[in-house]
Amino acid sequence: MAAAPAVEKPAEAGARQVFEVQLTNFSGPFDLLLNLISRRELDITEIALAQVTDEFIAHIRRIQAAEGEWKLDEASEFLVVAATLLDLKAARLLPAGAVEDAEDVALLEARDLLFARLLQYRAFKEMARHLAARLEEEDARHPRDVPLEPHFTRLLPELLWRHSPEEFAAIAAKVLAPREEQPAAVGIGHLHAPTVSVGEQALLLQELLQGRGALSFRHLTEDAASRLVLVARFLALLDLFRDGAVSFEQAAPLSELVVRWTAEDERWTAEADEDDDERGAV
Amino acid sequence: MSEEAAPDGLELPVEELPGGLRAAVEAILMVADRPVTDEQVAAALDRPAGQVNAVLVDLQREYDGYTGSGSQGAEHSVPRGFELRNIAGGWRIFSRKHFASVVADFVLDGQSARLSQAALETLAVIAYRQPVSRARVSAIRGVNVDSVVRTLLQRGLVVELETDPETGAVLYGTTALFLERLGLGSVDGLPRIAPHLPGLESLGEYDETTY
Amino acid sequence: MSEEAAPDGLELPVEELPGGLRAAVEAILMVADRPVTDEQVAAALDRPAGQVNAVLVDLQREYDGYTGSGSQGAEHSVPRGFELRNIAGGWRIFSRKHFASVVADFVLDGQSARLSQAALETLAVIAYRQPVSRARVSAIRGVNVDSVVRTLLQRGLVVELETDPETGAVLYGTTALFLERLGLGSVDGLPRIAPHLPGLESLGEYDETTY
């Protein structure tokens, strides 16, 4: 990524200000992206996304500088978006026709996914605006919510109470005990599947391909036990392709995609890949 | 306060009391501290729910200033300072909207602290995607939502519905209070999200796996 | 009528809103959660107390079925299901007395002789943290506690102690009845649970400020 804008590197106080401004401006990468797009009055369905890439990168660098360190989960979201944007921009810089078909496809897919998620986010943002308006309107009305009239209170069934002070204290102790600090980072306790390593999937693909030379994408993914594995394998293929370890052949759009092993070294090492820090596991 | 009416525990059918069924329904509305259904009112009065519903609808119209079928005559009349609304699955009396500033002094302990933008967005995702896990909401918003979800839980706007049998993740949904605060009858009353977003369903799937 | 310009926040003088001053007074009466005096209503509406008192008396008569000076015409009319009573200088709307039996049926439906787990836990928090606001109890329990606190109020186990001078929130505490039930002489007799709770104070503060 490009160097941080020099303008944004002032004294502590200045950095602090930037930090606050950033936080009030947006939350999350989609919010930032939408913000940038709307400021330039761009339509997010246009390729114009490439035009806001620099701004996006500059923004996240500034936050990083101000905050000192990233929370891992947030950082990864920002980085995924940033990486996709950079890919898109890179593609735009190349002379027309100079890109290979397969790369185009991958790029289009990345772009579509980013657009899709951005659209989805925008839709919910719009719904949030709607909810806010509804809530505000409803705030103007107050429900009748008055204490029960005394003569009805007397009719309530006699309360059965069977707790000793000690039992009652135990209830209090349980409720008042500090709750398990919910991690500020993403908890993974609720994640369903075990994490799948892109690196491992790459090695697996390598074994499959080196044995047989070329295989269809369908064949390479048909034993994927879950969607998660499928995604990881897809990402692994993209990594392999970028490193020149495989090539793609496709006779016609939407026809069978054939993957061929092209690396010369015996062992292609996924671990050497810097990108793995960002999406080594999904 | 003049008339000393019949004593408690009387066995007269409500129709024979001054004001009749209509007033009896009103009396119940006065002590309700949450939305009440046709059936709840009908049960207390021992009358068919359909009949009670007709009375409620009629009262609603009368309070709003339409007295066509009411007992007051056939003219247009002045709206009352309160309104009867059918929301969150039940009927409840509210102060009329345009007196908001006048009423505000008398309902000091209002629970209506503003929701942050993050809370609103998270609430929107939960409302439209329920039952939904925190992980999925996070994926859609692109940020961690743990603390925001906690706030929404405290405010009583969302609740833990169940545990996903497959993943063990807690799934969240909105509450009756949410509907009440929005003045909605049910979740179906939320505006359709479709116009904003074609193909949303399949996207949701995608988000779940990428997180 | 010595009416001046609109009071604070209100764009239009109430007389120009649908229903006018009369409806504005009704709006207040319907949602006020305690009896209100002529002066309180007059202050909120920025009208002379005498004028407001006349409206209140007139409303009382109308609800009782005498519409002589009301807006509905000059005839005798049907009493409403609610009545406006003036007790000890304060006005409050009640359900009409002769519907007491149906209202009682409604109120008692589903009432249990036992406290729910939610009510017990809320009571525990109030007992050990009093005086405490609903918002804070909510923050500690992680859910909205409005309806549970209402139940405890109705049961006479907790009471509104005072208003927080800073936030204006109502602060709750336990009652003599509560101590009686536990067989204790005073709140100091509650078993100590302190050892677990070094950092609790700050936790509470934090939670409260996050929404």
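For clarity, chains are labelled A, B and C in written order, and residue numbers in each chain start from 1.
Keep this in mind: a contact is a pair of C-beta atoms (placed from the backbone, for glycine too) under 8 Å apart; a residue touches a chain by one contact, two chains touch by 3 or more.
Computed from a prediction, not measured in an experiment: that's the story for all the values here.
Chemist: Return the chain label for which the distance between chain Cα mean and whole-protein Cα mean is smallest.
Modeler: B
Chemist: If we define chain centres by averaging CA atoms, which chain lands farthest from chain C? Would you check?
Modeler: A
Chemist: Report the inter-centroid distance (CA atoms only) between chain B and chain C in whole Å.
Modeler: So the centroids are 19 Å from each other.
Chemist: Mind checking the centre-to-centre distance between chain A and chain C? Centres are C-alpha means, answer in whole Å.
Modeler: One centre to the other, that is 46 Å.
Chemist: Could you work out how far the Cα centre of chain A sits from that of chain B, in whole Å?
Modeler: 35
Chemist: Going by the touch rule set out above, which residues of chain C reach two or more other chains?
Modeler: 30-33, 93-95, 100, 103-104, 107, 141-142, 150
Chemist: Residues of chain A that touch two or more other chains: which are they?
Modeler: Where chain A meets two or more other chains at a single residue, that happens at 142-146, 148-149, 152.
Chemist: Okay, in this complex, where on chain B does chain C touch?
Modeler: Residues in contact with chain C: 1-3, 5-6, 8-10, 14, 17-20, 22-34, 36, 40-41, 43-45, 65, 71-73, 77-82, 93-96, 98-99, 101-103, 105-109, 111, 113, 115-116, 119, 147, 150-151, 153-157, 159, 175, 177.
Chemist: Touching residues of chain C toward chain A in the complex: what are they?
Modeler: By the definition above, chain C touches chain A via 30-34, 92-95, 100, 103-104, 107-108, 111-115, 120-121, 124-125, 127-129, 140-142, 150, 153-157, 181-184, 189-193, 196-197, 199-200, 203.
Chemist: Could you list, by residue number, the parts of chain A that touch chain B in their complex?
Modeler: 27-31, 71, 73-74, 77, 81, 113, 116-117, 119-132, 134-135, 137-146, 148-149, 152, 182-187, 190-193, 227-228, 230-231, 282
Chemist: Which stretch or stretches of chain A touch chain C in the complex?
Modeler: Those residues of chain A that touch chain C are 142-149, 151-153, 155-161, 163-166, 168-169, 171-179.
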